[in-house]
């Protein structure tokens, strides 16, 4: 039978590549690698799609995340793309906010940039555990609202949330600074031992704070006479 | 290809008819030139031995445009063309359309057929074809399709012919044209109202004996056609008279018709015009949308396409029937004819985009939901043609966006078909699935 | 004139390059020297002042070809149609929340897309054009962006952070344009704000050198179609409303008004009404075709060969040539003729719609009940019948609208879209009065059946012979009572809707049934 595509024998792809193509290709490849790391994390940590928020599981998940991103070259924009893909793309079958937040925190902590800005306003889901162990000399700005356990274990970095957070913000932070422009939920600063937590809006409830400073609408509310440090 | 000689003559014919006989406005534009669609497509039909269905309101020149084109191109005096026309009415008989027994011979007990002028001459006009009952439409199906006419075990085969059929819009007393018959028409054209200013001038000048009539040659031709000679001989004799009429046209009107050899030569020139790569790919894309069905393998008028299919954004979702194989043949013929007429070196996208609405409009059955969405939209064309114009533009936009990728997919298809181990390209459009089917790869998309 | 000559020379080549866009030959206008191109209803116009200014730095033909490439690509690729333009504007507005800034963001985005497409897919001198254009404000950033994504030296630079973010946007991926324009707008938001503030203070606006995008670019038909597609595509009524409100002035200036619920200047545009009108256009029924009917008499239909033993009465002597010979002789078979009949009259239609507190407010969210009512009205009006509306909440306290039978689409739509949000009670005298004004009209009633005087309604429906279609939402004791009450009435159809989205389809299905059997209602 005659080849019905005969006329296209010599039409190889007359592809003209412009730098935009390279940039987008590289972006896709990087995102793909980041997604692979996340999937590995889920495989190890979220069996049956259940992940329990516990001290030990967080630590373990973080070290798996670190291993997953080792050797990866990425930028702050790649992290943002990953956050976007979590929410919108069907590339990621499961969005479990705990491991997702830890993974993103690992990405931020190991990014080349000192200052990272994540634009998360459009996300429908609020990611937990952002800013986990943010180290000294790192500044993470999040445009949008965040979930629970934001900035827990902060280790010297500066975390700015241009939005609201939920519960257990700043829990266990050791040093550094967290600024939240709007409101926070319950158990704020639970177990924090140092650093500053500044809230521009209202705090629904405080946790058992050990040390550091906590401001609500520019007023220092911890330490002050009404609230004593919590000694375990 | 810059022959130019024949094209100049055809343009002269076009100009003569549009200036003197069929007064109307130009309504299409191509390559910077404006033409009247009825006249242009009439000429193309006459040149490429096509079959054209002309619709329009009564009295807007559907039949007369076909008569003038046929008369000048084939050099038959108008009287012969008039005499050979079939008019559509419910009591038409086979004897009036095709032929009848020779009465003298019949009385002697011998079968001999007297063929009608309609069956014999190459210019065939059926007036108001949709007034023919469906059984009569079936009767002329074979003749219309291949130029084969049968009666009483005798057969007459036309070497060349063009068919023009006219139809009014539906009203009391009209039937539908049966689907097999309508599919055999290459194109659908509307003969429009010329506008009040031009309409006023029609018939304003004194009626003179029609310039395309010649009683003497008409008589001679009539005698030839009625004669007993074999058909081939008759046609040779008729061609002789047509040569004389052609000289008459040249002397009196400055018009040069075409003899049979010239018409054949033109056809060969047309067939030699190739489609460029974009036109080729675009037509394939269009055909894919008109024939593909992911769920049922192909479009069928008895199977309904449901919502939720992956391909709801394409034409296959809006139509009921499948495109026939006559469609690409018609597209090719007319696109080549148009490119030839414009003295272009090949067929390009502009030619095919002009042709598609006219070759597709009568062949497509749209879903009611699509019709009702579109019928309120403002337009300058009859609804059938407008729908296809809009659909073709949508498909063209899709082509424009994914041109490079599609060309690559087709190139990979070539290689795969030739036996090379390559992976076909994936894409959203039905054409990619069609390519995979052609090279034997299974479609993995869920239903 | 030199510029005209160049256009005429280049036009065939440029058209071929872009696969023959259906655009007329571009013309020359005096124009300003800061703006190269105007596009109005498919007519491209090149500014001679701009051309003269740039000719000092570039070859004349290159300038013209680049400008034409840009203009044609807007027509052929982005935005292509008014729907795309509206969608891009709508998405940009979600970021900047200010009309002018959103319009500008959309314009710049479309320029980036069109120019990038041109640079990648066609042989073009657009890069050279940008090299010679002034680079201030947002154009400085965009030119720096072009340098990065096209790989050309355009004499710009800087704005690395912005350009890095902008360069990651997939401009040529049409499916992602909605997200892309949001990202694009986010990045340049602060520049847009600065620009806007400067203009407010100085009352002077820097024109876009490559022309503006506005409603001027589109014909009324294109706007019509675009609004229809946009109404079907948006997530909710508020988005549509906001966009149309923003563009109200331009739409009205263009002659697109609510007068006659279509086009033409008239009453000011009502975005809510327009939304339902456009959405209902996706749920239309075709106009009824002429019925095929039997003519009642036999006519000769076809010939068939006569066989020995068959009667002689129907022999066609003429086609048999006077011979009675098998194989020659033919007889007529006769058949009752079929032909196109005439239109039967279509009754008028009374819509009874519940706008009590339990129903959705159609001006806040998409109300499928209202959409269904609008679809029914459209179908009757299209077939030249009239429609009346009885919109009720607590009718006995005056929360009702009683609109007499008419052909006035706008009034009918306004009556349907009115929302009271109060209690639920009908005034049957109103309905009786309306019914008496037409000849046995069809009735469509859309309600959740939680009507305080339901028993009276049931009695009323039991007494009437009009065709009634009752669409009710939800399932409760009232609906059961209504169903039981109507069980024996053949002229009443009842539909319990689980998915509100089914309402228009159900109503249309019923209308279609009614329209194809008009004789039954007499």
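Labels for the chains are A, B and C, by order of writing; each one numbers its residues from 1.
Following the convention adopted for this analysis, a contact is a pair of C-beta atoms (placed from the backbone, for glycine too) under 8 Å apart; a residue touches a chain by one contact, two chains touch by 3 or more.
Computed from a predicted model, the values in this text were never measured in an experiment.
No other two chains have as many C-beta pairs in contact as B-C. The central chain here, found by comparing per-chain C-alpha centres with the mean of all protein C-alpha atoms, is C. Averaged C-alpha coordinates put the centre of subunit A at 42 Å from the centre of subunit C. Subunit C has its Cα centroid 34 Å from the Cα centroid of subunit B.
Centre-to-centre separation of subunit A and subunit B, using mean CA positions: 66 Å. Taken residue by residue, subunit B touches two or more other chains at 404, whereas all remaining positions touch fewer.
Listed for subunit A are no residues, as none touches two or more other chains. Contact of a single residue of subunit C with at least two other chains is seen at positions 121. Contacts from subunit C toward subunit A in the complex involve residues 116, 119-121, 148-151, 164-165, 167-168, 170-172, 179, 182, 186.
Partner subunit C is touched in their complex by these residues of subunit A: 16, 18-21, 23-24, 27, 75, 77, 81, 84, 88, 119, 122.
Subunit A makes touch with subunit B in their complex at residues 3-15.
On subunit C, the positions that touch subunit B within their shared complex are 11-12, 15-16, 19-20, 25, 76-77, 80, 121, 174, 220-221, 224-225, 281-282, 284-287, 289-290, 299-303, 316, 318-319, 321, 323, 328, 337-342.
Those residues of subunit B lying in contact with subunit A across their complex are 275, 277, 280-281, 404, 407-408, 410-411, 413-414, 417-418, 435, 438.
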